[in-house]
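All chains are identified by letter, namely A, B, C and D, in their written order; residue positions are counted from 1 within each chain.
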Amino acid sequence: MGATLSLEKETMQIGLGKTTRRAYGFDEIALVPTGNTLDIELCDTSWQLGNFKFEVPIIASAMDSVVSPENAGLIVNEGALAVLNLQGIYTRYEDYDKLLREISLADKSEFVELMQKIYKEPIKPELVKRVVKQIKDSFTDKSKPVAVSLAPYLANEYLPILEDAGVDIIVIQSTVVGLEHKSANKDQSKDLLDTKPTQLKLEEFCARSSIPVVVGNCVDYNIALKLMRTGIAGLLIGIGPGAACTSRGVLGIGVPMATAIADCRQAREDFYKETGNYVPIIADGGMGIGGDICKAIACGADATMIGSPFARTLEAPAKGFHWGMATPSPVLPRGTRIQVGTHCSIHELIHGPARRDDGSQNLLGALKVSMATLGAETIAEMQDVEVIIAPSILTEGKVFQTAQEIGMGSSR
Amino acid sequence: MGATLSLEKETMQIGLGKTTRRAYGFDEIALVPTGNTLDIELCDTSWQLGNFKFEVPIIASAMDSVVSPENAGLIVNEGALAVLNLQGIYTRYEDYDKLLREISLADKSEFVELMQKIYKEPIKPELVKRVVKQIKDSFTDKSKPVAVSLAPYLANEYLPILEDAGVDIIVIQSTVVGLEHKSANKDQSKDLLDTKPTQLKLEEFCARSSIPVVVGNCVDYNIALKLMRTGIAGLLIGIGPGAACTSRGVLGIGVPMATAIADCRQAREDFYKETGNYVPIIADGGMGIGGDICKAIACGADATMIGSPFARTLEAPAKGFHWGMATPSPVLPRGTRIQVGTHCSIHELIHGPARRDDGSQNLLGALKVSMATLGAETIAEMQDVEVIIAPSILTEGKVFQTAQEIGMGSSR
Amino acid sequence: MGATLSLEKETMQIGLGKTTRRAYGFDEIALVPTGNTLDIELCDTSWQLGNFKFEVPIIASAMDSVVSPENAGLIVNEGALAVLNLQGIYTRYEDYDKLLREISLADKSEFVELMQKIYKEPIKPELVKRVVKQIKDSFTDKSKPVAVSLAPYLANEYLPILEDAGVDIIVIQSTVVGLEHKSANKDQSKDLLDTKPTQLKLEEFCARSSIPVVVGNCVDYNIALKLMRTGIAGLLIGIGPGAACTSRGVLGIGVPMATAIADCRQAREDFYKETGNYVPIIADGGMGIGGDICKAIACGADATMIGSPFARTLEAPAKGFHWGMATPSPVLPRGTRIQVGTHCSIHELIHGPARRDDGSQNLLGALKVSMATLGAETIAEMQDVEVIIAPSILTEGKVFQTAQEIGMGSSR
Amino acid sequence: MGATLSLEKETMQIGLGKTTRRAYGFDEIALVPTGNTLDIELCDTSWQLGNFKFEVPIIASAMDSVVSPENAGLIVNEGALAVLNLQGIYTRYEDYDKLLREISLADKSEFVELMQKIYKEPIKPELVKRVVKQIKDSFTDKSKPVAVSLAPYLANEYLPILEDAGVDIIVIQSTVVGLEHKSANKDQSKDLLDTKPTQLKLEEFCARSSIPVVVGNCVDYNIALKLMRTGIAGLLIGIGPGAACTSRGVLGIGVPMATAIADCRQAREDFYKETGNYVPIIADGGMGIGGDICKAIACGADATMIGSPFARTLEAPAKGFHWGMATPSPVLPRGTRIQVGTHCSIHELIHGPARRDDGSQNLLGALKVSMATLGAETIAEMQDVEVIIAPSILTEGKVFQTAQEIGMGSSR
């Protein structure tokens, strides 16, 4: 059973010399209730990563505008997980507040260059230890995990430091994570940012690490299966799905999330059949509101990693600003800074009550109501609900034309 | 024949681990004339629900901004049906006019909280009886039915009150109605709004009720078939189809109407073959203009339930404002309030003459002209006209770009 | 061979109980050059209707804002055909100039009612004769045909008047023309406008008429075939395709043009095989620029009927305004008035030279360059060029977002 | 093997009488990483045309607003290729700077007429020689090629002049290039612009020419194969793909690029199998940012020809203005002038570093990062990466609605 399974994808023709297939994004799908319903109280949204169990299948992204040493504890105390970016400003500077203000105030034309300058400062191991401790201290339940992320090329160097600092979960994250990387054998320590894929012998690393390892990002069945076989604890799914991620424009690369998740869920299921080990897959990116989280899970995700919804909370580091972590690349900046504003607390974001009707608040409540409506008692059952292709552009486009005219659709 | 029929749906792949199918909305379809035509006078638009026959296959939605004790009679007197929401403000407050004004005047930022406050007031059985009487008294033809709606969890409690009040049709409505509900066995009477699915033994209820029962909403063939077997008089079709219904954004749930109706029509036909009983299906939501009503029937609906067109009449309760009934949910508000304006009377909405050329007036006239053009003499024949997939986004998008430039298309 | 051919259409499922198929509009298709080219001078764009041959496969629509007694001759003298609407203002009023001004100046809110009032005035047979003579007198080549249109219910009554007046081509036009019409046997003469389908025994009419008869509109293979068997000289194809035609919104009815033409071309070919008679099909509606005309012919049309491009000429009756002929319907107005402006003469519209680069001028030149580029020497060869599905929304949408940014695509 | 291969295209029905197939544009596709990655330093982007090898698979289009005698050397010195349009203003006028200013300053309404006037001036052979020398002199590496373009009808006349002038690559370019052209045998020298296809016996021409010949444009498998058999050195792919190219609107002609490239790549592969000769295909048009170039190569292109990105450089001839070369057509202007602005140097456009995050700068860097991320070490490997259909309209549409609201998608 160890061989890569050969599953048949539905293909079609781009032209005579190139085959392709259709991929789908969250905007194109919807969930179908089929009549079995249950009380919200019965909906169990918990999921497990390594030995850690979480009530809330939501992870705050490893982005400087999303997770800081100050708010990581607030997020974890609500039942979610927060990942601090070890290559962000918090481990480069002691006085990062000043920098957050500078980034927020920078003119659009000077923003990229400012970012490139700020992120040139080296990471300081002593700051790594200090922020990990600060986060752990802020947990009301000390058994909750501190999670940090870093690029593959730093993993070996930082492993002892992270073990020493008491980190509980390591997230190894680059645009694309793979097993086979061909290196030019240059001195890679000069590349302070993940602007190019870098080699890491993942199987060896997982074997050596006393800390469970999550890796990403991945969108492919075969790679997902191979990665699971290296001993990882979880897998991030998604490349370039989001509105403000510019990977697709700059590199042409991107896979709509619904298809990426559905492909990798099959890898998870096949790996489980093969080994009995269940490696959760985490949808990363492109989910801004409750309905998107519900769809991600319905496609097969065990949990979701989101950025901007946290960047919009009152406790966000950058007070209403948000930017991508590929922006500071000195040669090829991607991602952009956007003003997202603030509208609710972290508690309201996750647990409500919602004061808005657009799905941007009470994400866990939305998930539970969706599960109750669809008759799904667990995340596993939610992964099996019916999904249809229902392009929202047709109706959403209409909203702008005719909301004033046509008004409210269904009565419920 | 009692078993659920196994009909084959055309499926495709979202990804390796998930199958899906394409669903269609009204915006994506159009009706095809095939040359047989008839005089408008010959078009019979009547339909039947239980023992009640209606000339107009249009039902005003059970929404506070659509049907009030004052305008229900006006709607029924025009040949249509009006459903009063028993859980709306009319049965909670005696002086609801003040509240309608408050809702209309509320700032967008405070609207949801105001709604949550207003709808905390308990329903008063004596007000139920009073409004039912008020509606009946306003009918010119006293044999016409008074219809009220309520959520499943209230059905058993209120049945004696409704029977006593002289209600003629009961509409049991929740986001999704099903037969199998798993309950947490908590005291459900505290949940004053339908924010979660609730159990109701529908077969027992129908057997006990002396009043015909309409239930909804449903989008699935198998559930539709099962619901018909419980003894219901009619079935509402549609979940989250509309522009301003936010179920899709908040919960990820929604099924485009054309497909939902086409699936459930098959259930109606199979149930008819099985039993000889014809249970009408009513398209609920997403229809704002005459053409949408024509399309709903062409897909298989017997009648249509619409909200905003009535909210825009001069006799509407909220004078040009409209909102969804899920908005007051204390934990997860859905639906939104929109200003729809007013532009014609109830009589003009249904029977014309139209003073606008956009399909928003003379809905029955539009249906009759459409039937005459398509050669459909009855609703049953209209259900069988040819439907094509013809994405309107392509031409409608063009309207905004080029209407000034390109101008009028065909000469007829 | 007399039986209706059973051709197989590619079908798919809307839902379990309803089958459908995909139809395409001009916006979704493009023409594919395959390498054979020729000099423009060799492109023969002529086509024939009855015994009349035309150099220009373009017909000006029978709409009051398109063809008047004054400009019909100008259009015909350029090699095209112009159809005067016999039920328009020119045969109801002597002093129509005043009315054209009134229509142009009317406020949007009062427009429909004004139209309903104006078109209540009866048609005057003496005016019919006068305008026919006026048009004939304006031809430089007196052998060119005068064409007029009227609704089916007026055809029998007006035939002697038209024969007497010297009309050369009769266009019988209603939204849908068919062979089987079921009548309520009421007095139809009261219905002054074509707001409902009306009966006309077409085979008898064609046999009796000394004037060749063009009928429309039609979108169906079987009906097209049956209509051709009645003895008609030409067939108009198209129902509700255009941006400003509101039939689709009001009635739900409409068939995208590319599919309608492709279906009816098969009828023309099968009828030709059956009888040796070639009945030209004329695409009516939805063509605003040169490329649309090229596409219509590539789908199978012999000629095209266009409205707004003529309404935008300096010689147009309403000086930059345009409206649909269904607008004055007293009970169900459809079509709308739009300000299209004026930008070139009739000569420049047809023969150029173009001073704009958007395809709105020199329509015949565009057709010839397209034919030369595609290697089509005749209309018949142009009907056989390769057509691909290439949704323009994707690139056209981009024009508006990014034209300033991305700039010009290909260098040719 | 000499015969045209009969490859099967996936077809479908427009209507009963017309078959079609679906074609795809760059906006509809995305590239799929599958886990093999490599260091950027290992990515070899070189390609070969005749005996010339280039590090950068980018060619500046033969357009007056893109390549001038002044900037051609700057482009070539960066490793790319620049094609000077021999029928542009640089060979018609000595003092072209004045004209460039006039074109830039012209009012939109007078622009087309100005262009028509300017391009009436005859081409002067002495200016041809002078600009070729000027370009060659500006190369730092004198072995780099000077490339010029001209229309087929001028090829024979100008070949001796070009050979004499020391031109290294001839590009024969018209809207559609084919092998079979039917001529009216008129004096074609009067047609100063390529407004109609013109005959050139390509096989004879290639045999006679001492200079390698690139021809275009082509979108068809069979024609591509036939053209390769005439002895050409390269083939331009693309007709009407771009945002500002109006061929599709004016003529109805256009093939989405992804499909055109994929079809012609098959011709290249079949010709290579047949003869052992590899004729590179060059995607021409519709690529404005780095991701588009990556996609073109992934579909099968060996190199890309782009216009507007160069028109936006500081060294562009028209300082931020850009126009199509079909615009000056005296009878049927196509293409339009747009203000594209200027934002970086030619060096920054090709080699970076980028100061923008939208893919508009450092095009070679973007290609290398994309190749590294996709694990493609050479252009040949990049041609084989996985491509999916992933309509960007859905997410791009969302950008405008919700970028402020939803914010940044994925964290990488």
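We adopt the following convention: a residue touches a chain if its C-beta (ideal position, glycine included) is under 8 Å from a C-beta of that chain, and two chains touch if they have at least 3 such contacts.
What you see is a predicted model, and the numbers here were worked out from it, not measured in a lab.
**Student:** List the interface residue numbers of subunit B and of subunit C, divide the shared ones by all numbers used, and answer same when the ratio is over half, different when under half.
**Tutor:** Looking at both copies, the contact residues mostly diverge.
**Student:** Quick one: report the Å distance separating subunit A from subunit C, using the average Cα coordinate of each chain.
**Tutor:** Each chain's C-alpha centroid was found; their separation is 54 Å.
**Student:** Go ahead and note the Å separation of the Cα centroids belonging to subunit C and subunit D.
**Tutor:** Taking the mean C-alpha position of each chain, the two centres sit 39 Å apart.
**Student:** Could you list the positions in subunit B whose residues touch two or more of the other chains?
**Tutor:** Within subunit B, residues 21-23, 259, 289, 358, 392-393, 397 contact more than one other chain.
**Student:** All pairs of touching chains?
**Tutor:** Touching chain pairs, listed by label, come out as A-B, A-D, B-C, C-D.
**Student:** Write out the stretch or stretches of subunit C touching subunit B in their complex.
**Tutor:** 12-18, 20-23, 25, 27-28, 61-63, 66, 112-113, 173-184, 186, 194-198, 217-220, 222-223, 226-227, 238-256, 259, 284-286, 288-289, 305, 307-309, 311-312, 322-327, 330-336, 338-341, 360, 391-393, 396-397, 400
**Student:** Within their complex, state which residues of subunit C touch subunit D.
**Tutor:** 7, 9-10, 21-24, 29-42, 221, 258-266, 269, 289-295, 298-300, 352-359, 362, 365-366, 369-370, 372-375, 377, 387-390, 392-395, 397-399, 401-412
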